[in-house]
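Each chain carries a letter (A, B, C and D) given by its place in the written order, and its residues are counted from 1.
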Amino acid sequence: MKPIRYGMIGGGQGAFIGSVHRTAAAIAGNWTLTAGALSSAEKKARDSGRELGLADDRNYGGWAEMLASEAALPEDDRIEAVAIVTPNHMHAAPAIAAMEAGFDVIIEKPLADSSANAQAIADAAERTGRRIAITHTYTGYPLVKQARQLVRSGKFGSVRRVMVKYTQDWLSRAEDLVDNKQAAWRVDPERSGAAGAFGDIGTHAANLVEFITGERIEEIAAELTMLPGRKIDDDGAALFRLSGGGKGTLTASQVLVGDINDLVIDVYCDEAGLHWRQEEPNTMRIGYRDRPTEIWHAGANREYLDRGILAIQRTPAGHPEGYLEAFANIYRAFGQSLRGVTAEGPERGFASIEETLRGMAFLDAVLESSRNNATWIRI
Amino acid sequence: MKPIRYGMIGGGQGAFIGSVHRTAAAIAGNWTLTAGALSSAEKKARDSGRELGLADDRNYGGWAEMLASEAALPEDDRIEAVAIVTPNHMHAAPAIAAMEAGFDVIIEKPLADSSANAQAIADAAERTGRRIAITHTYTGYPLVKQARQLVRSGKFGSVRRVMVKYTQDWLSRAEDLVDNKQAAWRVDPERSGAAGAFGDIGTHAANLVEFITGERIEEIAAELTMLPGRKIDDDGAALFRLSGGGKGTLTASQVLVGDINDLVIDVYCDEAGLHWRQEEPNTMRIGYRDRPTEIWHAGANREYLDRGILAIQRTPAGHPEGYLEAFANIYRAFGQSLRGVTAEGPERGFASIEETLRGMAFLDAVLESSRNNATWIRI
Amino acid sequence: MKPIRYGMIGGGQGAFIGSVHRTAAAIAGNWTLTAGALSSAEKKARDSGRELGLADDRNYGGWAEMLASEAALPEDDRIEAVAIVTPNHMHAAPAIAAMEAGFDVIIEKPLADSSANAQAIADAAERTGRRIAITHTYTGYPLVKQARQLVRSGKFGSVRRVMVKYTQDWLSRAEDLVDNKQAAWRVDPERSGAAGAFGDIGTHAANLVEFITGERIEEIAAELTMLPGRKIDDDGAALFRLSGGGKGTLTASQVLVGDINDLVIDVYCDEAGLHWRQEEPNTMRIGYRDRPTEIWHAGANREYLDRGILAIQRTPAGHPEGYLEAFANIYRAFGQSLRGVTAEGPERGFASIEETLRGMAFLDAVLESSRNNATWIRI
Amino acid sequence: MKPIRYGMIGGGQGAFIGSVHRTAAAIAGNWTLTAGALSSAEKKARDSGRELGLADDRNYGGWAEMLASEAALPEDDRIEAVAIVTPNHMHAAPAIAAMEAGFDVIIEKPLADSSANAQAIADAAERTGRRIAITHTYTGYPLVKQARQLVRSGKFGSVRRVMVKYTQDWLSRAEDLVDNKQAAWRVDPERSGAAGAFGDIGTHAANLVEFITGERIEEIAAELTMLPGRKIDDDGAALFRLSGGGKGTLTASQVLVGDINDLVIDVYCDEAGLHWRQEEPNTMRIGYRDRPTEIWHAGANREYLDRGILAIQRTPAGHPEGYLEAFANIYRAFGQSLRGVTAEGPERGFASIEETLRGMAFLDAVLESSRNNATWIRI
């Protein structure tokens, strides 16, 4: 399969997530970075591109210039897709413009800073027929996909209860907002959207619940909080109700000390409980009532894993894959989809626009519930 | 110190918790089983007593008989206290009668099947001047006490968030109510009280929160559920607010498959997160933001533990103590208190009546909230 | 079953292991402490006995006095057995005298400070027909017994390799020999025997290998070491060969910093690997090649455990039992054996004299091998 | 930094390690695959190259052809280095030829199938002045490097004892040699060298010991074994002595069921014990005597890690890096070295020829010891 030529918008010097996208694309093996508009500041954009070895004539000072110039190139030379890794409030404009210029789009989550902007992106996709993938990273882990297949197979019965938490500590102190590029926009409603921790990581947690269970979070009662002096939530928790009748709790926080990047999910079905923790992603625990607890191991040669799960792994069991490989699985699947290659992997290799719009609706409901003393809101 | 002579009410053949109380008292070393009315069925009571080696004239067919007969014995021969290990709805009558007959009382939690009955016991204690201990077992673990001392010392700042769960799976199937002595009364509102899983184990979870933080759960929004065909909750979750301003979540369930007896608590303060799990009680994890995570080990010779914690342990680190030793710590502390011995241990060795009344109020609030679609209820 | 009246030799104030034996006997439920000669120093002996509530006329100033006085009492009043918890070099004399006086004996391991003394005890047992149990504590854990039954059943094939370690750190510093009652005799060849760490804990490790595999360690190549200035080993390792053809490694040390009481065993058979660690004794891991790893949980209600294993546990799964309960299992089994009660438990509830003599032979072989540059020695 | 153009020898379709090298180079970011002779079978070589997108004129049918053709290209077009990922017995010839043709070499370990061939490669490096890196993968993990810096700093005192194991189960059955490309050459002394499991993975274990301690394994007493019908070792264990006076044990096996890729090392110094396990590479445990055990976390933002360790990580803590990233660290460091870039990382980013020759000497000693009933052999 011929690699997909892509241009990146955002992700210049010092940006964490841009580097993650580029490495993920390199590991995926079916993408090649061909152009870039790596910053909204022209000089920084070009400096960043040079560092990455972009050809000078594909190293643009801004995304509008990139889209225009690339669209004018011959079809077998110009980029085919763009990766958008800007702050949340700068997703919609380049995404819509890129689609209108004829490019497919892969975009860092959340899709946008508001439901309105997210819908505008969705509308543009509908209108232009271009394809979009959103990088809900954690669904790229093999054992998350395996959990999904086990739960959805029905062999364990219905989902009774889900507990999910996504907690970090990097904003635990007042001074964390000073001189921190990562933090600054995330806690500023103008740039991040009205939701803080819930927008940044709570959506990952909610997405993981729906991904694994195959159900929808239908109603939620949430209470968000924040440290004194902050404008948007940095911590909160919720009760929720699943479409299949099960119940759940969700906690998201960026101020819980000692929790590094602690995404943990417990899914209890009638006959088994599945447990996965992102920081040790290569094992999954399954508890039963009448027989020993099982530890499932990731790895390209664990024959008890589903065939599709085996196909997306790069190393045999015991050679741990991590975050970048999970991210690469999303790029690879989207790349295969763009080329029309029937993926060898499990059926949903990347998040669709619908899935992502659900994330926006989730956020709206959480915010409304929290404003109303944790009353139940239907999503 | 001369051992305390005690009589046991309930706890005959086949009863789990009676045996636990007797073994705990034996490990404690300052109690001696002298009399018993071990069942409400006379023959079973006497058979059970004989098996335990009770003298025939102290092996009673019913608790009323025991209280009357013992009270008539000379002071240095008669029992000094009674241990009540009957089902919840049979706590109040013998407890009140025992105090009125001049005996101190140690009683399996929850104190009673209703707040009214609990208050009646409290009133009797007030009226008679007798002393009561309630066996909130899990506060007997050394590292739980250590966590309490660390949090209450203030060295880690305020409590931000608490997550607690107490989940089991032994009622996960419809048929679990058939032919199961342990289960039958627990899921029958007539005998267990209006609360099921929340009464049985949710109160342990709530008590642990208050014990470690030294704060009160002031408001709660809870949703209880149950399997089809059941009359009282076997599963539920809640959001709560602490008196110091922190927030929390609490899940209690007896139908979550693969969770054996999974009491887990996470207490996040401004500068550290403390984590303890009952099934591996001899380690506690403390996470920090700027330095490595710590694993604290229980053991009579771990010098970094507080002096009072060291004093209540029987074995050096690495020789695991368990549930029975935690239980024994409660008996020992109550025994020391009855003898007027200044305990070497930490300040609260057993649960007081006030603490337990709080548990009843917690249950009332949970039930009311759940009946009102998880609206907030002040406790 | 009527409890067995026993007298204790050694175990006075400040002695760790004496208290462990007494608590274990109390938990076992079929023993009652009736007499004692709790120290070789008469005043300390009597002070210790008073503290434990021994009747004055059964609280002896020395073991010879105790044996003589008790033997003179009526049969249904005198003690039936003695528990010997003195330092190693003081095992043989009271053990032999006790058997000659008509008492059965339970004795802290190792049986004696030398093979000669151990053999003398064995000869006395043979001559007098009295019964002896040696408290190889770690074989009292339910999951160790379960491992033994699994391995010996043959369902996993032959034993290929065993790795065992028993490591501690309490003698890791030169100053640890000053003012430490526990340490002083253990590192003094006059009192402990010619072996140090290998005698104290290496024998536990070797015993565990033979207990679980049902095979004999036939040959060993060992190298012992010690910190500068010490007279006997505080650290060492060995290769060994099992009677069934498997191989193994054994490490024992009391100077490995951070290892608290770290007894760990890995037994690899043709079709499964079993893993157990004493500090978390209520789980056992079993690895397979073609299916998920299993975690087995201890508990009186885990139906996949063997019936005999279920019978010796006091609490349901999730209520952790520990070191004292394992110890109590040995007392209970020996007590049942003395009463002729057919044990409900697995077939070997306590260590026999033969098993213990093997431990002495193991030590002799280790010492000889180490003196000869780790050459192979047949045991 | 301009990426290094490299050609790969071996690593065609179906080869595991070739794909690992290419992905590692892509993650490293300073290498670009420019040419290849990907199989010793011409057609397979070319098919494999096409699949990887090699230009037709750089996709060679054999390594001799590649070296000759590339050497004839202009300096700024031709490859600068070769990566050799053939079976062990096919390392020496292309490595020597490549260096003689002017190319630097990165080579999968072990360096060669015999000490003689390894020495021939070393001599060629000396003669030609070309540079060589050997991919001792596991030294690429950040926490392994951190352990090395901690131990070598001397802050924990001297090394007392090391326990290391590297165990797998993929050759645990007789039939594993049938139709298994990975297995076939590894168990054939003609292609793998005289050592089997010890050559394949035992050398990794020994290298890790020397890397972390900064000492040499000076003497070893080893016993190798193998399943019936096999020609070279698939299992074995050894005692060893370190140059600093410490002792150790090493086990390597490919027939221990349930162990997937279980490389585990415990390094005990006078004042701390360090513990690392490859399958969970992002944490390291450090045990102390007088304070709580510590868990160190990998991550580009854990400020307690050394500066050089922080510099080689790609993601913040909690976003797990794995085997491919560790491998990439070796490529990156070698690439920086070839470009004369002062590495930001710790001092030894890749294994030198001397380090690797030590591995060959280790193997020779192990084999000789095993042939002589585990007698001590000086390395």
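One rule holds for everything that comes next: a residue touches a chain if its C-beta (ideal position, glycine included) is under 8 Å from a C-beta of that chain, and two chains touch if they have at least 3 such contacts.
Every value quoted in this text rests on a predicted model; they were computed, and no experiment measured them.
Using the contact threshold fixed earlier, the set of chains in contact with both subunit C and subunit D is A, B. Comparing the centres of all chains, each the average of its CA atoms, the largest separation from subunit C belongs to A. Judged by contacting C-beta pairs, the busier of the interfaces B-D and A-D is A-D. The distance from the centre of subunit A to the centre of subunit B, with each centre set as the mean of the Cα atoms, comes to 44 Å. Chain geometry summary: the mean Cα position of subunit B and that of subunit D are 55 Å apart.
Centroids built from CA atoms put subunit D at 34 Å from subunit A.
Residue positions 286, 293, 297 of subunit A each touch two or more of the other chains. Across the interface of their complex, subunit A is touched by residues 160-161, 163, 165, 169, 172-173, 221, 223, 225, 235-239, 247-249, 251, 253, 255-259, 268-273, 286-289, 293, 373-376 of subunit B.
Touching subunit C in their complex are the following residues of subunit B: 2-3, 16, 19-20, 23, 26-27, 29, 53, 168, 170, 260-262, 278-282, 297, 299, 301, 314-325. Put simply, subunit B touches subunit D in their complex at residues 285-286, 290-297, 303-304.
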